[in-house]
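In this document, chain identifiers A, B, C and D correspond to the written order of the chains, with residue numbering beginning at 1 in each.
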Amino acid sequence: MSDLAPAPFGRRRLRVSDRRTEGPYVVLTAPDADGPPPRAGQFYMLAAVEGWGAGEDERPFLPRAFSVLHAGPAGLEFMLEDVGPGTSRLCGLAVGDQLWVLGPLGQGFTPPPVGARALLCGGGVGVAPLALWQDELERSQTPVSVVLGFRDAPHAQGAALLRAAQVATDDGSVGHHGLVTTLLDAELDADTAAVVYACGPPAMLEAVRERCLARGVPTQLALESGMACGYGACYGCVVPLAAGGYARVCVDGPVFAGELLPAGALLAAHGESA
Amino acid sequence: MSDLAPAPFGRRRLRVSDRRTEGPYVVLTAPDADGPPPRAGQFYMLAAVEGWGAGEDERPFLPRAFSVLHAGPAGLEFMLEDVGPGTSRLCGLAVGDQLWVLGPLGQGFTPPPVGARALLCGGGVGVAPLALWQDELERSQTPVSVVLGFRDAPHAQGAALLRAAQVATDDGSVGHHGLVTTLLDAELDADTAAVVYACGPPAMLEAVRERCLARGVPTQLALESGMACGYGACYGCVVPLAAGGYARVCVDGPVFAGELLPAGALLAAHGESA
Amino acid sequence: MISFCGLELAHPIINGSGTFDALAARRVFGDAVGGAFPFSAFVSKTITAEPRVGNAPPRLWETPAGMVNSIGLPNRGLLAYLEHDLPALARLPVPLITNVMGSSGEEVAELVGALDDRAEVAAVELNVSCPNVKTGLDIGADPVELLAFMTLVRPATTKPLIVKLTPNTADVARCAVAAQEGGADAVSLINTLRATAMAPGTDRPWLGGGTGGLSGPAIRAVALAQVAAVCRGVDIPVVGMGGVQSGHHAADLIAVGATLVAVGTENFRDPAVAAKIAEELAKNTQIAGL
Amino acid sequence: MISFCGLELAHPIINGSGTFDALAARRVFGDAVGGAFPFSAFVSKTITAEPRVGNAPPRLWETPAGMVNSIGLPNRGLLAYLEHDLPALARLPVPLITNVMGSSGEEVAELVGALDDRAEVAAVELNVSCPNVKTGLDIGADPVELLAFMTLVRPATTKPLIVKLTPNTADVARCAVAAQEGGADAVSLINTLRATAMAPGTDRPWLGGGTGGLSGPAIRAVALAQVAAVCRGVDIPVVGMGGVQSGHHAADLIAVGATLVAVGTENFRDPAVAAKIAEELAKNTQIAGL
């Protein structure tokens, strides 16, 4: 990351300049004059300036982590799924409303070795960091394939945020009927010279990690984890390492090589039993 | 109060149907199909359904007490002054937004004896309960005089909420330059056969109480107090009684005969030294 | 129906002492309160031997997701309670639990003895935990003192005795065990956490009583930890409370072992909330039961 | 300039141990952190004799206006701290306070002794209060044990010793007095309140560590009461903390007698907030001084 300017110290106010939806997902745009350009896989801690703390159970209190979906002259783009009080408040923002923003944070994706293609595998709102990664990879002319999984047809509209994606849905309403890992398997069966970049629900990441490990295909997994700070201060966001001990998802990740993670690690960090 | 139906048990949702301003004051209207008509001097506990708890210091948490300003076919009217996180949130409500409402609560004003006129004396946002009282008194053909005090000209626009009010301002920009109690004195000098109905800041109420006591003029003072519940549950809203002990402002008041209150009582309940 | 110390209750939701005045509520809301009485048992606010006027105002301070109160246990004293309040409270459609406090075991034994004669009282809760009054704190915070206290109070009644523990202690489970050893039929917790506030822009305390007790959602996670620790330590039933606002919160307390759940501060935001909580809880339990 | 245990500090705002990682912050934010370092002294997270990996995740639970953490004091152990962290931390533009914990007075005396040799360390804070680790709780919650502990630890260093008290006790002022009697140069409080949470819709605890500690605005009123009680009881300087988010909150702690104020959880919401708080406080003080 030494080629990138560090994040400004302290949270800053941005103004929402655009709000659109892709199926159930909300995409917010916020011009960011003071921040350096983010790398794909990096994230920001976001909070609404107004109305933060008045949702279900008197939450949210802490800021929330979001991958950057796109970044460019129009500003930073984030893709949000309403799953609780924090995302609900952010999804309710309108053009002109203000955001607290800290970032860009964390370690992003690194490109595949020359000759290998990038195989992007996303599930649900986990497609977000892959969109910016696709932008960057295509700019450097790296061959890219994209497989995405969604719950159903409405959610599958999120696939429009990437180009040329193969889609699977749990209910078969769009694309392949079944898991995205089936599409991934088919891609790897066809050509194993790839690095897999994955982001999505814990169970999907675990499945990707496992099968790529078995095939000897390197993976870069963009993890989620409950975060309080996003910049290494709280030690709350850890994921277990195969070598023992824990790593902070926010500063050591959120992108980790699959080999570094033990089986079940991705489930444990989310309070699900491994 | 036996002639009035009791308040519905449990808070209920009302929708803001109108929002207007009178100078710095906000007047909200909310149709209340399920509540009985309030008596002047009664109050409601209000909270915004959305966004309650996200203000300064992560407040408000508890509902807030507001006198009813007017009540009629259009609904309940409340007059608000933004003095902190609760009033700030309520002042920010727009038409269509929802309110939690409990009430009507407390004991309202009682009419003067036959032959005596009603002298209404209000300060700042304390004019609110006097407006409905003026409506009721004029309906029963009771002679009414109104003296109101405000900080300055913008606040004095609140006088428009009553009819035929004499106005005093602290800065002399409108009406009499000085305290409303000077207007009150002049009224009483002219004719002492009156009951004084007063609502306003603690220091004003204290001054009204003191001089009317000295003149032998009965007073009914509508008090404010920090309240958690508004229905007698928390014992938090008390005011000291001249006879010793304390009374709950929410259920024993908010209107008290001035004779019942000891000197300085009104200041103590607000954390000001007597 | 839930069994609790020999009482059969319609659901597990009761009120926290001092957070609902059933008589005042009936004056304000009329008979609707009786018909739709939200609690399955009613806990009266703390009664003392002599009348108390309570603390000087201000008595309330709002905090982030909570409040500090410094009420100071105002009440008309035992005699007025026996003469005036009990007959009126007996008209409630649910069993009555009378909460009492005193400055010594002997004093509380007398209070409890006086209630023992009265059929209106289904159970007695001992407030050994009120942070506003010195005695409450000290007795409840030390297992040895609490056991000695119970040795004096227990013989004074055959009615169920619930000990309301103080949360302002190093090891609440040990205090609960002492209460159980001393013959308590149940324990209840948590009472408020000792807290204070300054008058804005001054160096004086805001509350007339100087300090008070913190309650509401802010303390919910503390309450859950203390209730869980106590449930692990004792065999008698536990009444859990602290920041409960919903059926989910009640279900959490029950999951760690509470038999009943009390709602306190949330009553102030909505007097009828307990009925909603009881419904949500019943729905949760049905779903979990499938 | 504020004098604190012989240190001259630019302003009264420091960090709470474990709530700011100066080395990680420099990696994330670059040299900006050094230039605009928000704290007038830096308190390191708790160091133990042996390395600790910390608790299993999840480690965080958000509460109304606060959070419960169950981090479990991960650290690379004394040796790595001395070898790697100290030289890097010495490059900070402010004095360094090293926070340590151990399971006995002897163990802590050794830790403290090892730091005594190091010029980079301006003062040592003793964590006798962490609710996630048994030992911390017990030593700090009992005045008698705390005095015995201090008797072992005090001789191990001539550097200023700050005792970080546990709030999970019946009478924190008595514990502070014991620390003072045992030779503490200052006390700091409050640490987190013991708390827990259930995994939503289950009867299992959410936190990998089972229980954790509550921090943030939710506990501010409790912190103020405890700091006030301690300030009334001791003559040594007091570092007050708990839920501080603004200059007003810091001013309240100072009004009840604190010399320094530490910011903890609020750092998570904004890494640069302490600088803003110090400014607001300076403005308050100026206004009050007029």
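By our rule, contacts are C-beta pairs under 8 Å (C-beta built on N, C-alpha and C of every residue); 3 or more make two chains touch, one makes a residue touch a chain.
As the structure is a computational prediction, the values presented were derived from the model and not from experiment.
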item: Most remote chain, CA-based centroid, reference being chain D; value: B
item: Inter-centroid spacing, chain C versus chain A (mean Cα positions, whole Å); value: 47
item: Separation of mean Cα positions, chain D and chain A [Å, integer]; value: 34
item: Contacts with 2+ other chains: residues of chain B; value: 53, 57-58, 61
item: Where chain C touches two or more other chains, by residue; value: 63-66, 216-217
item: Pairwise touch network: line, ring, star, complete, or other; value: complete
item: List of chain C residues in touch with chain B within their complex; value: 18-21, 24-25, 27-30, 32-33, 36, 45, 53-54, 56-60, 62-67, 69, 71, 74, 199, 206, 208, 216-217, 265, 267-273, 275
item: Contact footprint of chain C on chain A as seen in their complex; value: 53, 57-58
item: Complex interface listing, chain D residues touching chain B; value: 64-65, 217, 245-246
item: Chain C - residues contacting chain D, complex; value: 61, 63-66, 68, 137, 141-142, 166, 168-171, 193-198, 200, 202-203, 211, 214, 216-222, 224-226, 228, 243, 248, 252, 255-256
item: Interface residues, chain B side, partner chain A - complex; value: 50-54, 58, 61
